[in-house]
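Input: a single structure, listed below in structure tokens.
By written order: A, B, C and D. Residues from 1 in each chain.
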Amino acid sequence: MESLTLLSTHDIAKHNSFGDCWLVVEGDVWDVTGFAPQHPGGASLILKHAGRDATKAYAEYHASGLIEDTLPSSCLKGKLDRSTIDETWTRDRSSPTASSSHPIQTLPDGLKPPLHSIINSYDFEEIAARTAPKKAYTFYSTAATDCWTRDMNESMYKRIWFRPRILHDVSRLDTSTTILGNKVKVPTFICPTGLAKMIHPEAEKALARAAKATGIIEILSTSASHPVEDIVAEAPDHPFFFQLYVNRDRKKSEELLAKVNRLGLKAVFVTVDAAGRGKRESDERLVVDEPVINPVTGERILPDKKGGGLTRMRGSYLDESLSWKDLAWIRSLTTLPIVLKGITTAADARLAMQYGVDGILLSNHGGRNLDYSPPAILVLLEMHKLCPEIFERMEVYVDGGIRRGGDVIKALCLGATAVGIGRTFLYALNYGSEGAEHLVELLKDEMESVMKLIGITNLSECHPGLVNTLDVDHLVPATDWHPYAQWRPKPRL
Amino acid sequence: MESLTLLSTHDIAKHNSFGDCWLVVEGDVWDVTGFAPQHPGGASLILKHAGRDATKAYAEYHASGLIEDTLPSSCLKGKLDRSTIDETWTRDRSSPTASSSHPIQTLPDGLKPPLHSIINSYDFEEIAARTAPKKAYTFYSTAATDCWTRDMNESMYKRIWFRPRILHDVSRLDTSTTILGNKVKVPTFICPTGLAKMIHPEAEKALARAAKATGIIEILSTSASHPVEDIVAEAPDHPFFFQLYVNRDRKKSEELLAKVNRLGLKAVFVTVDAAGRGKRESDERLVVDEPVINPVTGERILPDKKGGGLTRMRGSYLDESLSWKDLAWIRSLTTLPIVLKGITTAADARLAMQYGVDGILLSNHGGRNLDYSPPAILVLLEMHKLCPEIFERMEVYVDGGIRRGGDVIKALCLGATAVGIGRTFLYALNYGSEGAEHLVELLKDEMESVMKLIGITNLSECHPGLVNTLDVDHLVPATDWHPYAQWRPKPRL
Amino acid sequence: MESLTLLSTHDIAKHNSFGDCWLVVEGDVWDVTGFAPQHPGGASLILKHAGRDATKAYAEYHASGLIEDTLPSSCLKGKLDRSTIDETWTRDRSSPTASSSHPIQTLPDGLKPPLHSIINSYDFEEIAARTAPKKAYTFYSTAATDCWTRDMNESMYKRIWFRPRILHDVSRLDTSTTILGNKVKVPTFICPTGLAKMIHPEAEKALARAAKATGIIEILSTSASHPVEDIVAEAPDHPFFFQLYVNRDRKKSEELLAKVNRLGLKAVFVTVDAAGRGKRESDERLVVDEPVINPVTGERILPDKKGGGLTRMRGSYLDESLSWKDLAWIRSLTTLPIVLKGITTAADARLAMQYGVDGILLSNHGGRNLDYSPPAILVLLEMHKLCPEIFERMEVYVDGGIRRGGDVIKALCLGATAVGIGRTFLYALNYGSEGAEHLVELLKDEMESVMKLIGITNLSECHPGLVNTLDVDHLVPATDWHPYAQWRPKPRL
Amino acid sequence: MESLTLLSTHDIAKHNSFGDCWLVVEGDVWDVTGFAPQHPGGASLILKHAGRDATKAYAEYHASGLIEDTLPSSCLKGKLDRSTIDETWTRDRSSPTASSSHPIQTLPDGLKPPLHSIINSYDFEEIAARTAPKKAYTFYSTAATDCWTRDMNESMYKRIWFRPRILHDVSRLDTSTTILGNKVKVPTFICPTGLAKMIHPEAEKALARAAKATGIIEILSTSASHPVEDIVAEAPDHPFFFQLYVNRDRKKSEELLAKVNRLGLKAVFVTVDAAGRGKRESDERLVVDEPVINPVTGERILPDKKGGGLTRMRGSYLDESLSWKDLAWIRSLTTLPIVLKGITTAADARLAMQYGVDGILLSNHGGRNLDYSPPAILVLLEMHKLCPEIFERMEVYVDGGIRRGGDVIKALCLGATAVGIGRTFLYALNYGSEGAEHLVELLKDEMESVMKLIGITNLSECHPGLVNTLDVDHLVPATDWHPYAQWRPKPRL
């Protein structure tokens, strides 16, 4: 056996796909490409070790020698060259742990595990991080400067507890509700995002089909990857919302809203938190190889002089002079309900109500624009302290940091009508329309589990008494001003 | 010596048991199987290094060369092939550290250290994690979604301090008490758990013998691995409690309670926190190889279409419509004391009292059903704020996160009559009945040490003034409703 | 190809510069020194991998074999000797992550990446840590004993949130203000530091040019590396401030202030927090190889008997008897505005006002003198509680922990007129004057982004209502005395 | 050069002392034993790399080839066998970092760095962990169960800030005070500890000489390693205190106190927190090889049936029935001042005062007896809330967690007369008497630095207004009872 070729870990690792699958077992390197489909335990168990050392897994199920008896000797490609073992090779990707996070077992880079093995929203991100184009994952996952707000969005939900009630009949559940009068099966909508095409060519079109299939609503971005008319054509008779970036060239916005009216969309979400461009540093460090075309405006998006960063390339058309008085102009262009997207203080929520909008979306843009802006769930709590009357007067939505069905229920208990999810739908889009459908099903399943266990059967039973927010309440302002500072600045210059 | 066989670390590591024990000393590989029992320092010192490099330990005690003088040359199996050294090999398992955790020194995978070397409850888990069947440890250790509640259960006890009183005569100690009128030697009971047979064939029968030997009470699960009559037969004249999952098919529950009455059990703990199935992700990721039979119902438990997860396979018979009014029906079936298991709010504790039950077990099901439900020790504190009168009216128990004798004393100081322990008894069951007995003895020893050092001699002297809960008090609700939200949801649809 | 020389990773790594650049691609070692400038993708993409394995990056862009077709065979230096691969070699320096910190991709030790690739203040520190003389970086970065105050300085800013206001016209921005009547383009000044020459021979002279170019003010240290007159000559007609360490030999201070008056500097910052020498342990552990000359005093700074540490060598001339009454003496020596540098309590801020100084700089000396002294941003909050009237009466500055433009805006919202930055300018000085300019531009860019996103257009609009300090407010004293201690010490001896 | 012997890292690492020193430089292994004393840069620079790869350090100072020119070829022992490089070898022990901890650069295991290179108390522990007998370090460093109290002792000091006052003349400093009427130069005493002989044969005798040399007081333990009379003979005319463990056999305690009276000791510290034995798990896991003799009682200390643990072997003579009424008996045996050691609640402090003792030592026994008992600095704060009058009536001391001179000043500001230090003196004893002296000098130096920087010149100026305890105040009880629990237990049985 000494005459066998020595094969390096580097070489072995290349044979890591269904069509070209090698395994190491007890130091021997086997080509199991042809055998895998016939494996009594299923091909997936083998693929899990494609291009890697399967000795340990093999030993758990099989007697030593079985592989020699089963495979023809032509499948024996050589011996593992142990001097080439490095950390990458030895890292065990398949040992279960009892830690608080149970990551999905990933395949060799570039291979996506089957959709049915994905059991939560974190799996979708984990897989996108490994298998999506680097530029896409970086653009989607990044956030402004220190990424503090992005991370806090998620952790604030973890700091809110349930106060479950027992012994209620929960044998029939209903997760449906209405958003601005539109019936939805799950209180979740797809937030508008840019550059969805980077992860899947069908982009918003695939999301539209998933939205219809699962009974939720997609909000179409001003900078969507496909023309609005093409997207809505994917889901006839299904409601859509539109997200509006007001253009410096107001005419373009007018034309856009005219089209939105014509196409029968159901509401306009006006983004009000993008007056400045966020500094997204992961993204800025990426070298941009190819130009990007905005499919709505038709403009070619070019790098600015900073030399990189998709964020910096985009958004130059945003109107930084947009102010409260412009709402009347928008109102004049459409009879659709108008929702302001990007409220982060109770004071602005109150102003929005006074200006007569139909809803507000509490959002910090996924932490992508202003770092250290507050998580939406805290703004919801601030509204309970400072302007609780708004909950009776218009619909309030939140987005940012929602990863579990339980997070959705927490937001609804605190007064939200529905929640938006952005990034995770992009990660799910890695699997096309089916991925997005699967994500909604997972969230719905988690919601139902939580509803039963806190003792409610439909969403109208959600109320603040079902959650304990004491771990975050000290962070919630009780006044529009600073709690003790009396100093007022004198105007300079 | 160059003609000696080169042996890989992989090969050496296989010889790691009493019956087949190799050691590496200064590069030489020795078979010490025959010698170990005669080792002047004891066989255990040698076994600690079985299948590993013992050079360092050897050098601490012996002169170089002693091993050649002592063992026949036939014991020299070869030289260590240094090119096969990897991280697994070099990790030193025996160096003491001054860190705050002092893990037990583990043996090579699959070998259990002797029971007398186990000195606390963490050791039992550590050893189960390494030596129990992977499926068993995963099923026992997992919890719902993010495992936040499971981890908080434990950490909340760590955040409660003692306020020790000095100069009391503590030369005589008594850890006994009564639970629902039954005398126990230690204020701890064995919580009901499913699938105990996975770690030891005797399962609840072994626990029953240990309960009798140590003077504590076992609660038998509806889904125990052995028939109830077989379990109670193991400990004649010793009290048992019964845990009831109400079946969709109420007749089955009626038959079950009739049997419980007939067998002379002492109380019925009705589980009220299992209306939904927890999503236990570690468990769901496990591939299930063999079907599981419920020994009580006789049903074969089959995988659901999600394809895995013992949790998902179980519990389909649970009655999700169970509600407060059904307590009268249960009451009609037995004259035994009735305890509700799974209370997590003061409001439900109050309701339970109004419905006339005999006790409540504050529990979040080990964090296995609803993540972000509160740790029981915090619910105990909530009761002090909202319904302190209950402590005078019925017995209150807690479970979840108890790992030390000191945790037991903390719970009793805050008003609990006794505490339940579930997972750790399963881990101790890894050693059969003796393991469970050893666990109780360790906890009792820790309790006695704490009692002396806080200045009490029997459990009736436990009182809230002996603990400082200031580090967690801000998390304890002071109202049944949300502290400042005034918003009430309007019913939807 | 087997006859090629085997080259170790150690040898390859030496060829890591523009003038001598080797790459490994698919196991072959290529000399690309001549080719790099002609690389279609730019030389920087190649330099990023200089002296390293570029296989992965190569494969992302090029077909296998392209390199053989492109380069003459004389460029093929040998094969990588895989047995020499160690962790240093395999660490991937270029993979993007979605973590909250996105460190700059560093080059092999000693090589500075191009200035335009630096996008925030952390980059400057990261690069200084790797490329500056070890002694310089250690002296700059160290702080007193546990470095707690140094680290808290930074983390306190991270714990302050914005409360952004929307829908204000922010199309025109102005970051200018005045400091003691001097116009500046950005509300930031360069703090005085010692031994700036260690990182760049031009030291304060380079900073002076950068200050003028960017419209900010430099404070010249008593212990500057160049004579004051030489520094100010670099930026004619531009304002400078002077930092005064009062000398035991008062005559020397008088001469110094006379020179300051003569040279037309604009203010004197008297350091009042250096009565004792900080114990900076990193620094003390460094072996000092060469003596250091104080360019202002001309004294040679010698090691003390502790045998090391630049800190211990310096400062022996500081007057430890300096007290409030000495302010009159200083006042008598100059008509310039006097600012006290090093205030850390509201009580001393009040005293400073009573003594008639013109401004105060809240500062703990970068955590370098007294560990566990409070971060300046907390002292600012303490002033709001205890002496808010001061904000109307004199200018207040802060320094310590400012790393982002957003930090500057937070300080201004809480009443600061401007902020000082010390260490980061030293790190930027690694790139000479251009580095310092680039740092100011980065901070200004970050400030502008924040201003737009919180809805203000000039600094006079900063106010406390725009920040949420609830996460740190419990740390802010509300009394000059301890909040509940009534005990007063009786004098001993 | 290929004919040179290949030497493994394991072999090279053995030559790591002054008397046998090998270095690797650029792959060559050199014996520099004879050369080191003549090294122009000093032997210590070489010793730092003894038995290790010095290539990097060499390259910083010397041209390649210098070593060949300098050393005879007989010093070239062989080539480094790179296949034996592992993580232990590559870990760089000498790179400075800017982290908040700056650990001392340690030498190869077993070698102590020179005393003058030790600059803080952490260094002493770090070196003891590496160079003291494993049994000694384990016994000293361990604490009860989770070691939570041991770790909190230290971290609570880190959470207390200074509130420094400026512009006070601090040119003359005085760190002296009196303890029970005895003058001391530094407000620190040596706490009694057991088994000091394990780290140094002179044990308490060496500490006695250090105490006299530095003007502090040593408290002699009942279980000291040397007879009391021998210890006090080391420091004639210097005051000592005595620590009393009351023996079950009261006669023995009476004899002991008679000796204490006769020898002229100055006070008796009665330990009141040792009614139970702490469960110190690191210690219990150690196998005990040799019996230990109590030098005071002459008893041989034998392992108990748990098979290990110095703690378990000791203390069997402690009287667990000791109670408040026994204080009269102790009072009758001596006219010396009596101090209770081990108070952890304000309630017991008040009782101690009522029983007429002369002082109290707030202590949790270094976290070694009852885990989750409160840090002494918090008990000091509790006294300010609940019994501030005690500070006027008797002296109060604290111990536990003091690592810095600043910690001492914090304790004094909060009302302590002096602080005790135990473990760190044992670690310093690793260097004999000189080590202990050096420790006191380091602490005194740190205290002086802090005093200057907070603006005081003698210890009578310490007061609560100089510290900010807001980060820990929420943990301090404001009542002797639980703050909101109204429940009182009913007696059981």
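We adopt the following convention: a residue touches a chain if its C-beta (ideal position, glycine included) is under 8 Å from a C-beta of that chain, and two chains touch if they have at least 3 such contacts.
By chain, with names taken from UniProt: A, B, C, D = L-lactate dehydrogenase (cytochrome).
Keep in mind that what you see is a predicted model, and the values were worked out from it rather than measured.
For chain C, the chain whose average C-alpha position is most distant is B.
Judged by shared residue numbers over all numbers used at their interface, chain B and chain D contact each other through mostly different positions, with under half in common. With centres set at the average Cα position, the gap from chain A to chain D is 52 Å. The distance from the centre of chain C to the centre of chain D, with each centre set as the mean of the Cα atoms, comes to 37 Å.
In chain B, the positions touching at least two other chains are 83, 87, 474.
Here the touching chains pair up as A-B, A-C, B-D, C-D.
Those residues of chain C lying in contact with chain D across their complex are 8, 83-84, 86-88, 129, 134, 137-138, 141-142, 145-148, 150-151, 272-273, 275-279, 281-282, 284-287, 306-307, 320-324, 326-327, 340, 342-345, 347-348, 369-374, 474-477, 480-493.
Chain C contributes residues 45, 82-83, 85, 87, 90, 96-102, 104-105, 116-117, 119-120, 158, 160-171, 174, 176-178, 381, 384-385, 388, 391-392, 404, 406, 414-415, 445-446, 448-455, 458-465, 467-471, 473-474 to its touches with chain A in the complex.
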